[in-house]
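Here the structure is laid out as structure tokens; the discussion comes afterwards.
Letters A, B, C and D mark the chains as written, and numbering starts fresh at 1 in each.
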Amino acid sequence: MPLGTDLICTGADVLLFLDQKRTYLVTAKKGERFHTHKGYVCFDDIIGRPFGRRVKSSLGVDFVVFPPRIRDYLRKMRHTTQVLYPKDIALIINYSDIGPGSIIVEAGTGSGVLTSALAHYVQPTGRVYSYEVRKEFVERARKNIERTGLAEFVVLKEGDVTRGIEEERVDAVILDLATPWMVVPLANQALKVGGSFVSFSPTIEQTIKTTEALMDNKFVDVETVECILRRIKVQAGQTRPETLMIGHTGYITRARKTLIAG
Amino acid sequence: MPLGTDLICTGADVLLFLDQKRTYLVTAKKGERFHTHKGYVCFDDIIGRPFGRRVKSSLGVDFVVFPPRIRDYLRKMRHTTQVLYPKDIALIINYSDIGPGSIIVEAGTGSGVLTSALAHYVQPTGRVYSYEVRKEFVERARKNIERTGLAEFVVLKEGDVTRGIEEERVDAVILDLATPWMVVPLANQALKVGGSFVSFSPTIEQTIKTTEALMDNKFVDVETVECILRRIKVQAGQTRPETLMIGHTGYITRARKTLIAG
Amino acid sequence: MPLGTDLICTGADVLLFLDQKRTYLVTAKKGERFHTHKGYVCFDDIIGRPFGRRVKSSLGVDFVVFPPRIRDYLRKMRHTTQVLYPKDIALIINYSDIGPGSIIVEAGTGSGVLTSALAHYVQPTGRVYSYEVRKEFVERARKNIERTGLAEFVVLKEGDVTRGIEEERVDAVILDLATPWMVVPLANQALKVGGSFVSFSPTIEQTIKTTEALMDNKFVDVETVECILRRIKVQAGQTRPETLMIGHTGYITRARKTLIAG
Amino acid sequence: MPLGTDLICTGADVLLFLDQKRTYLVTAKKGERFHTHKGYVCFDDIIGRPFGRRVKSSLGVDFVVFPPRIRDYLRKMRHTTQVLYPKDIALIINYSDIGPGSIIVEAGTGSGVLTSALAHYVQPTGRVYSYEVRKEFVERARKNIERTGLAEFVVLKEGDVTRGIEEERVDAVILDLATPWMVVPLANQALKVGGSFVSFSPTIEQTIKTTEALMDNKFVDVETVECILRRIKVQAGQTRPETLMIGHTGYITRARKTLIAG
């Protein structure tokens, strides 16, 4: 996702940045306005000008206009369920050992946030096969993924991954669903030897069951981690970690597939 | 880095896995042996057979033979300085918004661990321009990177990044060096609008100085985080976070380049 | 603070417990009611009965009636400024090496939360001399401390601790104020040899300045810690750390006074 | 435990302080020497002089001579099992709501570290009844506690606490043993109404079982926390959390006893 030209054209996605908590990912359309609680921004004030400058809203508030990046698209996706935080996406990507060209099975798709992140990293020659059993989620995910421009690297599959995985010899199976232990035997069949199983679960009981299933299926190098991210307020004379933080999102369990006999 | 065939050929890199703390990344050579403190492994017992099975050492200890993956290469690189941990590499990748095709300036190269990780994610069309002022580091990094097979995506540059960055309109500038604040004005010139500045520093004083330099240079969306990774021992009836952990590696500071006038 | 009789008498403080976030510390008065957003509780339904049972509000909601304990008094104190969390109070008590009979200088008093906690642990023969420069704080603290029944163990002193400490040979000097480093030389004079200096500060800059002042004043055994408390949701099948947590309150710095010459 | 006179007399306990990792708690005896790997210290160089000064070892290394405090005694106790860390002792004290005069049941005694800490805070009118089933532990604990001078506030009971608690109407039951859930019904009988149950357990499974037993026995205000302590290296230009840290010791579960019918 290389950054485009620095001149904003009509139809381009732009990120209006007020501060870290107030950013807006919108499409610049000639003659139209975008309304915020700090006044509206006229796209005609933006189009044809370079990215990276300030634009004034009708209330005189400055927004910086940025070309959106992959993290912006992920953060702005519509979702009803809890979505993965960037810290967990980052570790899942790392622990799955994937990269450009990787073939991945993912389940469940959910809102498509992790799906899009995976697609971003495996493009242009890799593919993400993403299973989701709830039809309405598949539709929302499709729209979310299309907006990122990564749809061609994703195959959305409406279906229950605990019933079967059609793909074979995949590089990684990545799970964010309620019963990952039920998918472990299927993941074992779908994976290449040495391929990565990675699963995200909020509770320790899910993590224990998944770990036991991995052991039973002769995975090795099984490990579980939890990532705690602290945001630091950095300001001369007032530097300190932020008062409120996300204390827990989930545990990440990973393992390698073997050919060891049962 | 897709996984190769499951049959081990001579000259192939293999990962001998005993347990999570004892793994060996070696090249399988016909007629040769690899010595461990658990006895030696004859490569002839491996070559021509599939990955993912056990091989017995001369002392009867079982090793699983895996195709090495990017994380294995990174972990096994030779280094004299402190190298980045996977958790920090993962977040740096995420915060830099890079992906296949991205153009990156990195400094300092050090042992080439982060360089290789970056190359892995920007291949095949992206490039990592990596600056390192210490000649002996450049040589070690070159060997380390070559072993990963990612050398063609990296341009190693022996030189002092605080003296100047030759590249222009790059997607990200990524720093792991002692005085990142000295590079901020140069990073500002080298970056595309909206491009990512990401810096890793062990101490809070480095972080404060870097943040102030970013503010002075009109970067916005400036934030600093610290990632704390807990490993969890998962075992029925004995589940708990591990007793000893890495308490701190460093702070990661990121920001976006603007065109706002000084 | 031993628990009194189990029968509730008029005039007694009682803790009405609905759940961990909704508790009420009130005085039981014959013929009166206490109003909550879950209906009112008639004290006549409580008085003369044992502690530890449920009472129904006018809306049929059950409250458990407990004898209040020191932590309840501390938590329910009126305050305008940020008060110390139990985790930090606990560590300050521990690090100061105080106990029954200890003589303590504290500053600033603030709302009297830490003052009361200290008085609780040094009673009946110890004393807490607590300095506070803002007159209105002294008055509020006085009322807060009186309610705990610990007032006889506290000497509230309206005055600026940075101007001087009158007490001598005290066991501990405990600080929770904006410029602790300014108090370090005075603490050095006030302390017994081997006595404890303990200071709480939200920011790292305060902590650095205080540490330097301690070094300059020949304190040894200087250390700084930060306590991160995670609350765990424990429930079969859903066990996990809580999602939101207090990420940071402050750093605690402690040291021992010496007689080493400057 | 108020600090004694500043002059060191023969027979006094002294803490020889080299640095935070190397401290020695010894008894000063006329004509004798104490050997360290930094040379020996002659007690005759110490006796009759004030605390808080430096003494030179035979190798010319300076030790500061301190009057030992409660934390020093706890840290220097002989033990074979894992003992509680100060951070956990501090929270257990806080969560149990005890203070001078409190009556406590504790199990198991172990090496007597927590026992001594509890005795320190409940003296002079309170008591700690401490159960330990292993005879050799009782003997070691007795010696450890005697050294602290707190023995008169402790009643050591050799016996299995899961078989019964003899005390009644106690202020707190505090557990550090393998199967705390087996003690919950007995704790319920032994506690005063509103009294505190506090238990420390390394694993999450123990914590879950204990929480369920507390619910079954109608305890309320049940909560579990974990305390993570970071040590910060504070030094101008090099300030940062320490690299290695204790990642986990255990979970602390607390609750209040009710009279609610089963």
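The working rule: contacts are C-beta pairs under 8 Å (C-beta built on N, C-alpha and C of every residue); 3 or more make two chains touch, one makes a residue touch a chain.
Keep in mind the model is a prediction, meaning the values are calculated, not measured.
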item	value
Set of chains adjacent to subunit A and to subunit B	none
Most distant chain from subunit C by Cα centroid	B
Where subunit B and subunit D are represented by their mean Cα positions, the distance between them in whole Å	44
Cα-centroid distance, subunit A relative to subunit D, in whole angstrom	47
Between subunit C and subunit D, centroid-to-centroid distance (C-alpha), Å	21
Subunit D residues counted as touching two or more neighbouring chains	204, 230-231, 236, 239, 241
Pairs of chains in contact (touch as defined earlier), listed by label	A-B, A-C, B-D, C-D
In the complex with subunit D, residue positions of subunit B that touch it	202-205, 230-231, 236-250
Residues of subunit B defined as touching subunit A within the complex	1-3, 6, 17, 20, 50-54, 64, 66-67, 69-71, 86-87, 89-91, 93-95, 97, 99-103, 120-121, 123-124, 171, 192-196, 204, 207-208, 211-212, 220-232, 234-236, 239, 241, 251, 253, 256-260
